[in-house]
Amino acid sequence: MVARLQPDTDELPFSDTRIPDDVFDAMRKKNLARWPTGAEIDLEEAAAYHRAMPQHKQLGWVMRQADAEGRCLTQPRGGFGTLELQKELMVCLDKEGHADIVPTTTDSYTRNEQWENAARGIEESKKAGRSMLNGYPMVNYGHKITRQLIEAIDKPAIVLSGTSMPKLTCEVGFASGYSGYLGSGLAYTTSYTKELSIEQGIRNYQYLDRLAARYDELGVELHRRQPGFLTGTNIPPCIAILTCIIDTLLAVGQGVKNYGLELGQTLHLVQDAAAIKMARELTQEYLNKLGHTDIFTPVTSLHWMGAWPYDDAQCEALVAYGGTLAAIGGAVSVTTKSSHEAFGIPTPQANAAGLRSTRMAIYLARHIRLDSMPEFQTECDMIAREVRPVMDKILEMGDGDVAIGTIRACEAGVMDIPWSPNNYMKSRVMPARDADGYLRMFDCGDMPIAKDVMDYHHEKLRMRAARDHVPFDHELAVASVYELSESLETLIPFPWAAE
Amino acid sequence: MTLIPEQRSRLTLITGVIGADTHIVGNRILSMALEKEGFKVVALGALTPAEDFIKAAVETAADAILVSSLYGQGELDCRHFRDMCIEAGLENILLYVGGNLVVGKQSWDDVESRYMDMGFNRAFPPGTRTPDVVRMLDEDLKEKAEGAAA
Amino acid sequence: MVARLQPDTDELPFSDTRIPDDVFDAMRKKNLARWPTGAEIDLEEAAAYHRAMPQHKQLGWVMRQADAEGRCLTQPRGGFGTLELQKELMVCLDKEGHADIVPTTTDSYTRNEQWENAARGIEESKKAGRSMLNGYPMVNYGHKITRQLIEAIDKPAIVLSGTSMPKLTCEVGFASGYSGYLGSGLAYTTSYTKELSIEQGIRNYQYLDRLAARYDELGVELHRRQPGFLTGTNIPPCIAILTCIIDTLLAVGQGVKNYGLELGQTLHLVQDAAAIKMARELTQEYLNKLGHTDIFTPVTSLHWMGAWPYDDAQCEALVAYGGTLAAIGGAVSVTTKSSHEAFGIPTPQANAAGLRSTRMAIYLARHIRLDSMPEFQTECDMIAREVRPVMDKILEMGDGDVAIGTIRACEAGVMDIPWSPNNYMKSRVMPARDADGYLRMFDCGDMPIAKDVMDYHHEKLRMRAARDHVPFDHELAVASVYELSESLETLIPFPWAAE
Amino acid sequence: MTLIPEQRSRLTLITGVIGADTHIVGNRILSMALEKEGFKVVALGALTPAEDFIKAAVETAADAILVSSLYGQGELDCRHFRDMCIEAGLENILLYVGGNLVVGKQSWDDVESRYMDMGFNRAFPPGTRTPDVVRMLDEDLKEKAEGAAA
């Protein structure tokens, strides 16, 4: 039985301030002791390992460089249950997929710190000859073995671990030579957990961010990243961006300077471009408000995160368009999916094909930008008008402390997230797609969004209800969950066939 | 052979997402739909251990358990589910499972038979829509009722 | 040995005027006598067959309806060497591909009126159990058998027969119940033939158009179409559009009223949208100039017609983007390709997959239009400034007769086409792609295009030469032929890898 | 083993696109490239009957014929090409063929062996670039020259 980690509440009052060095040292000691591979970690040695890597394998540098050169990098997801399968996968994504950033997705037992289950999964996978885990059990293997993965590729690597309990995984990940790490306290806790409090989730990521800052102090700039895609299910830009701002402020509080913002695609060319632009602008706006002028916050655009169609050919269009949306939107990187999405974790080959198709789409996007379109401006303005009142309210509720403001706001529903599994969230906000394909809010729950703004959302959704001859009610939200996964017969039938 | 709301209201269904699986959207839509169709639904939500399903089923004398598994590790999470039911005295409770039941895109026939072997009465492939689930429940629970009557 | 068709020069002086009824009757008699299946044709009976078809199987009506409803229809290409294979193909494209318009591509022997070779091809195909012909030998089968194809589908059907000798194929095609027919005198003769004169090619299509008009007189509105994609190889919009205008005027001269304009995609989102808009606008402009106010000229956008990549995943991006370009550009229909393009004629399944992926991309394009973008306006203006002087010069050279003006203009190089195999064309115009992905002209040959316009083209291409560190010369045109077929390593390598 | 321009200038190559095939772009680029590299090139262009290739080869005492076929019907057009060469007294003229040599996406090995059986010395798959062609010509024609010397 694993020694479950005691909440750190006893150690420090909850706030957005930096964890003091001595407290952090104590926390690390306790944390690393929880599993044998934790005890093996030596921070100094790990930092030296990072510093010895070529620049082009360090994601912190690569993201800054891509942003400076106006590139859109590609990154897939991918994790299998054994070292051998994982190595094969990463090499395939690097060489056959031309991935600019190579991922390691951890399995869900690891994410939930159920390391014995993960150990069982490794054995079962070896027996079955196929992966029984949905990711790589990084903690079980430990950093010494896992470095083989980093050394097998010639690109920077990132850890993808959808969880609110990252404390040991991040220690092993960074020590292994991963220079990127995805995850944050608000976004993941609201989207990936049920009983964990937002406070506890934020505390856990404060640990992770404090650790990243430690590497900084040792001359290693890591790339941290926030999963603003949340529950992946019709997230309106304003809600994603609110979490971007909050998680960034929390990370910066721990000393992080290289922090990415992830946005799931709405699949509307104009709305996505507006969201990408405003995510960075509004995050910088609040950073500046709070006196942070040197934080790098590149945006990553993610291929559609909601339900995918059950037809490879339809998926291929979503994959390619995902590259188009990211590139035309000006994202610094795009996270890709494959034509297997609706069925299961893709094979390395299908995953690599998704990368290549996306890469070609990025090439075809050339230097096109939409900033000169009035519709683009309208969306940008709407987003700003949705985000600012909520964000200001959150800061106000925390009396200036973002961490405290956030949990109070979540409790009150001032900060809300659609389709959240978390008991601490109201999850009353209900998004739906309008007749032009924009994501709108049918219901914004208790979020303080101006009436005229919500009127705009409702007017658009009424037009959709009218078009589809359905009532203007919650069912619009459910239909919107299914929409992109529907068959072509449903989406665009031949219009004039004799019945 | 569909049941009328009255008949359904006498039937209790347990729903939830098993294991460390956070995918709540489909499970929630399904639970909402079943309730709307008249069933009594006890929705355990995401990240639900196998034990909790069975505890809830015993407490509510449920007629069926609908297990969701999306994240791929269902094969591990569901392995002993029927045995646990039997231990708990739920010999012939109706067991459904649905979602993305294995890791990766595999032939559905293989997947289905694997879950049948685990003791589930029915397994449902990715993309299953709620009306189909309702139809199956009506069918299976009517049969069961008659079986009991006999 | 087939009785080769004598040029009609003996019958009529060459001009753009309508062929008189009696002359046309004589021409038809002579033409139909050339092959047994020709003799079987009865125009009245055929027209009645068309009139009996449901509206949604009549392409003339379907194109008008799609235009009115703002739809973008999908149409693949496809032809196999036997009736059985062709039927299977068309049913697959209709049912599995959801094609809105179902094609029948003829084989190249049929296109060149080598019907004995085609007959041999049918036998060889039956022996080999696979198609040895690159299309369906329509004349050999004749209209009685070919009607089985029309009856096997529930969509309108179109004949695709890349040739300048369509006179018997069109008789059989229309009699079979095809309500659409692609091909024209200027476009096909310049792009598909070597020794045939432009005059002869135009004469042959005057026959076809006159026949279509006959059906009109009998109450059947057929959809005629012009292949402005030409040699498919980096055709600048202005050149495609010039052929659209000329071929339209020639067809209208014979009484055609429902005439489509086809444009191969440049693969630049803005340039394609501009080309689609201006093709229709400028064609209508010249129709009105010449007093024709009731001609329907919808635009069809074609998936990239130049060299494709040799990687399925890259091709999938070209396929999907092809749907995006057509839909956002406002085309009334899109002609699709597949991920097999670079290798060979696709299987029915690959062809259907290309259709579905394109259809999904069309759905994702929603109602987006680019008209409000300044770059879009710039391209529209450039196209107009390129087309008008040349078109005016052509009309002038013909003393008002488009037919005569056209052959004189081709002789003089005033009308020119890149990469033409035809001996009567100068083919001095040399297109190349600029640094932003727009197609420009490195050399416009003897086309009367204003100096400042060409300066603009050259400036853009100089920027490309500078970017690629290559001289500003003809090699730019050759490199541009290969560009889209290059591997991803060549197009966007990982930028910072250690050498 | 590459030849120098001087040596190449003594070699005559016939190029063209066989049959009813209009695909001139690649053939033209190839012909331009070969000329640039020093070979004497007689370019027959698109839509060239097999007979014309051979006539031109006889008239110019050519060292090699490079047949392009893109449109898929090359298998029919090229079937008796070597026999016709032999009849014309061109027993051991070097014969290359390239392009999209068959209808549809087929395994290259099959396609290649089919054309070898027809008597071509080399067949080139879709996507062949001109430098590779030049390298092969240098190799094969040098061999041939030596063969003749012996």
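Labels A, B, C and D are assigned to the chains in the order they are written; within every chain, residues are numbered from 1.
To be clear about the criterion, a contact is a pair of C-beta atoms (placed from the backbone, for glycine too) under 8 Å apart; a residue touches a chain by one contact, two chains touch by 3 or more.
Everything quoted here is computed from the prediction, not taken from an experiment.
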Connected chain clusters in the absence of subunit A: B | C, D
| item | value |
| --- | --- |
| Chain centre separation in whole Å, for subunit D relative to subunit C (CA means) | 31 |
| Centroid distance [mean C-alpha coordinates] between subunit D and subunit A, Å | 56 |
| Separation of mean Cα positions, subunit C and subunit A [Å, integer] | 45 |
| Category of the chain touch graph - line, ring, star, complete, other | line |
| Every chain pair meeting the contact rule | A-B, A-C, C-D |
| In the complex, subunit A residues that touch subunit B | 107-109, 111-112, 114, 117, 120-121, 124, 130-134, 162, 191-195, 231, 233, 307, 310, 340, 342-347, 350, 419-421, 478, 481, 485 |
| Subunit C partner contacts - residues on subunit A that touch it in the complex | 54-56, 62, 65, 69, 71, 98, 100, 154-155, 267-270, 309, 311-314, 316-321, 323-324, 328, 352-368, 370, 372-375, 436-437, 488-489, 491-498 |
| Complex interface listing, subunit B residues touching subunit A | 19-22, 24-25, 28-29, 32, 45-47, 71-73, 75-76, 100, 102-106, 126-127 |
